[in-house]
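Following are the structures in question.
What follows is a pair of complexes built around chain A, which joins chain B in one and chain C in the other.
Take a look at the complex of A and B:
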């Protein structure tokens, strides 16, 4: 039981970070970022290259993942999403763009990093063992703590800085924010960069445990969508709740139903559909977000 | 009856001539027999894309057509292989089964809107794939293979459709079959859009509350439309399974669902024939880029991004020119 709970916390904290980036981008621009999983994979590969290949300290490699993805996110927003949103008769065109970018990033990952599964040396050795009831490698604990710290830092940024206030204003009402003197274009770009950066950060963190490969992008995006749906689209607390709930469901399901294989995911999907039928806007979401 | 202009009639005439006589002649002249398979796939994917387009017509983004295509493919395969039905009866049965599933699933999820509906339909594709893996009748990951080719049909002793197994050139036969079904689908779609139901759909696309307040039964219409849309999906999927002579849980995946949506968006959501054009451009373009080997995906996605960057309202929007929004 302790083991399941610990696994749940560990998975939940990772998932919450992925969902945070997706929900931030959605709240600001009304864009469903299909490429989020691919951004996560790129983050993993950047950390792999710096830390695993060139022997740069792990923290520095992590920072490089963040910087790369932030720049990538900013460029994508500035040169692709912003003009398309302006020129399109329907908002939904951004979905096509996002899917196109997902394909593009997949192609780039394939060309630059190849299709092999990549892993990096452990950052910390050893296993935490509490009476054989709770077994957890130290590196997992470290990653989990780092993830929770990042989430706290992100919430702090959103709540107590000028940038965070501007971003929240933008998410609430674009026109009103503009009338209050918020530079809408600039903060949209910053917000997108921040969302992409979060994806890169999780990728960099998780590469130390699960490794990284080309095919991880799509399934990660789907999981992120599910978390966002559980919590409610465009709401930060919702993304965190969604991540934690999905993390626990997976941990419990895999522990209880492990002999049935993929049935865990099937059950999660079905219960999600029933939940959404009762509460379409998710736990925290605004109706029709 | 529907008030076709002579220009439209000529256009349809040229189009029919091209696909039934022109294409076989060109392929015969160039010897690229593989194009038959490509074009057949285009026709079948266009049928499923028509369904996605129709759901968009009531203002819902459907990224779950892969789910219904997979359902259709499995139903047809099971009916033909395990129950010994004729393929031609299993084809509408597959469509109907997909439509019934759509009604059951649609009742709860059609209440969702916008991104929520898009995301739940995306998840739906995953659900159906996992179900196909888990159920005993679908044979799990091994799938159903060795599906026999469609048999012939004869009515009162007169043969209507020949037996595909006894034919020399099944590619051509499948090409014609797919084209006929595609044309019927689009004719039905065109008729639907220009009917009373079509007008009601447009009113829902703009504002559901308003439509509801003037007496449109929105919950009924969206179920009907979603069922029709899934019928198309099941039809396309069943036909695909028959051509490939096998169905696997991975036959239609999330990526396929996304592609169906892309076909519609690329062709233009405001035009009935948009999804057909979008499918042709995307699938044919992808096939042509095969020569570039590992750069195929890169070029394909770059072109896709450029198209949406400079023509955000779809390919067919070129002819309206400026100021012709919506």
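Take a look at the complex of A and C:
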């Protein structure tokens, strides 16, 4: 039981971080960013390059992942999403654009970083072992703590800073925010950059545990969408709860159902379908959007 | 005016360069060889190492004047198609090869893709070299598929027997991704281990192919405390994470797989925790690699920036195709002639020291010669590199 709880907390914290950036972008711009997983992968590769290849301290490499993705996110918003949103009222236009960006980034990742799985040296050695009832490597514990601290910092930013208030206003009602003097274009770009930065941050954190490869983008996006659907699209707290719930469902399923083969995700998908049929707006979402 | 002149000069230079490149390429007639495999997504490393092996070898051949078959010297062109590990795409890829008049194709990389393309290949006179293990692909009445590597049901028993005799292994656990290839390899491994008298203590734990953290997945397997943990059909992306998680969970036993791996990937992903990991390799360990293999590795590295140890097994298919065509040039457009030649074909293995031969095998496993005789080289990972554990042959 201790192991299941620990695995659930660990998986939940990393999943919540992955979902946060995606839901932020959706909340601000009503854009389903299919390239979120690819941004996560780029974040992992940037940390890999700086920390794993060039020997830069891990924290600095993590900062480089955040900065790279923030710049990439800002550029994508300014030169791709903003013009499309202004020029087309159809939602599928941004969806197609996001899918196109995902394919493009996959190709760029292959060209720049290659096809191989990459990994970095462990940031902390050793394994916590409580009487073989709870085994957790120290680096996972550290990453879990860092992920939780990052989530807390993000919530603090959204709640207590001018930027956060502007972003929340934008998410609640774009027109009203504009009437109140919020520079919508500027804060859309900042929000998208922040969402991309979160993807880069979690990619950089997790490369120390899971490594990174070019194929991780698509599956990461799918998992992030699941968490957002569970918690409610565009709701920050919903993304966090979605991540935690998915993390615990996975941890419990893998521990309890292993003798029946790989049915954990089958059950998760079935549960999700039933849940969405009953509550299509997710846990924290509002039925009116 | 000056600007316009500059643009004209640039345009002229570009045209001349393009024309020059075409002219250089067109010195010899071109022999097209196809590749249909996965070069995107989580399993991209498998197909890309295939494709790049072929491209590196083709570039080498073309640079040194081409490949002479009969009275004609050809430049080799590799035509590639990414099937995205999707059988429908694999069929589309094989149809593209047929439309281009290609009769020899390397790939697909996985079981369902290889099975899906069989009707297209057989009806269009295409010989194809899959990296897939189902016996039905190679047993009569199937005729056009040639297994491009050693199958798990050939390497697995050899590895288990070696470990039983040399390491005293008695119990074994299997873990596999929830996909057709790894699951069939797991079932084959369980069958082989049981036949050898090993006790299988866990064989029902599987994982999603996109799993990135294996600690929760492996926890139940570790409770069984096997002497040997077999990572059935494990992809190079997942192997280091599985090894690392197993060791961090306190597993002290041996870990092995029957798929080819890359030493650099293992070193980065698992470091010293991967020491002792047993996998199937090719002929690039220092004691086995011939001067030609060493040059191939160097050329591949120069061309793509980094070598992939998986190419040690994937360097062979193109060589087999070309060497067989050399024996009977009419086979360039006649796969029946190719199949006839396969029964008696034999040539020196240029990639391996010693007197190893290129020849077609498979009589024991398939009842007909539908497998390339690549050496069964079993490697052990130690301090960042592979060492040869033992070498065997498949008949």
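Please note the rule applied: the second predicted complex is superposed on the first by the 284 of 289 C-alpha atoms of A that agree within 3 Å, B and C clash if a C-alpha of one lies under 4 Å from a C-alpha of the other, contacts with A are read in each partner's own complex, and residues count from 1 in each chain.
We take it that a residue touches a chain if its C-beta (ideal position, glycine included) is under 8 Å from a C-beta of that chain, and two chains touch if they have at least 3 such contacts.
Predicted model, so just to flag it, every value in this text is computed and none were measured.
K.L.:
Touching A:280 in the superposition: chain B (first), chain C (second), both, neither?
P.N.:
first
K.L.:
Name the contact category of A:179: first (chain B only), second (chain C only), both, or neither.
P.N.:
It touches nothing on chain B or chain C.
K.L.:
Applying the touch criterion given at the start, work out whether A:1 contacts chain B, chain C, both or neither, answering first, second, both or neither.
P.N.:
neither
K.L.:
Tell me the contact category for A:106 with respect to chain B and chain C: first, second, both or neither.
P.N.:
After superposition on chain A, A:106 lies in contact with both partners, chain B and chain C.
K.L.:
Now for A:90: first (chain B), second (chain C), both, or neither, which partner does it touch?
P.N.:
first
K.L.:
Looking at the overlay, what does A:206 touch: chain B (first), chain C (second), both, or neither?
P.N.:
It touches chain C, and chain B stays clear.
K.L.:
With the two structures laid over each other on chain A, which partner does A:226 touch: chain B (first), chain C (second), both, or neither?
P.N.:
first
K.L.:
Overlap of the chain B and chain C footprints on chain A, residue-wise?
P.N.:
Residues common to the chain A contacts of chain C and of chain B are 106, 110, 218, 262, 265, listed in rising order.
K.L.:
Touching residues of chain C toward chain A in the complex: what are they?
P.N.:
Listed in rising order, the residues of chain C that touch chain A are 39-45, 48-49, 178, 204-208, 210, 212-213, 215-217, 219-220, 236-238, 240-241, 248-250, 262, 264-265, 268-271, 304-306, 308.
K.L.:
Within their complex, state which residues of chain A touch chain B.
P.N.:
The contact residues of chain A facing chain B are 26, 30, 32, 34, 80, 83-84, 87-90, 92-93, 95-97, 99-101, 103-104, 106-108, 110-111, 218, 222, 225-226, 228-229, 233, 262-263, 265-266, 269-270, 272-274, 276-277, 280-282, 288-289.
K.L.:
Chain A touches which residues of chain B in the complex?
P.N.:
Its residues touching chain A are 56, 61, 105, 108-109, 111-116, 118-120, 122-124, 126-127, 130-131, 133-134, 254-255, 258, 261-262, 265-266, 269, 294-295, 297-298, 300-302, 304-305, 308-309, 312-313, 325-326.
K.L.:
Taking the touch rule as given, give the residues of chain A at its contact with chain C in the complex, in rising order.
P.N.:
Those in contact with chain C are residues 3, 7, 10-11, 52, 106, 110, 114-122, 127, 129, 132, 135-137, 140, 206, 209-211, 213-216, 218-219, 250-251, 254-255, 258-262, 265.
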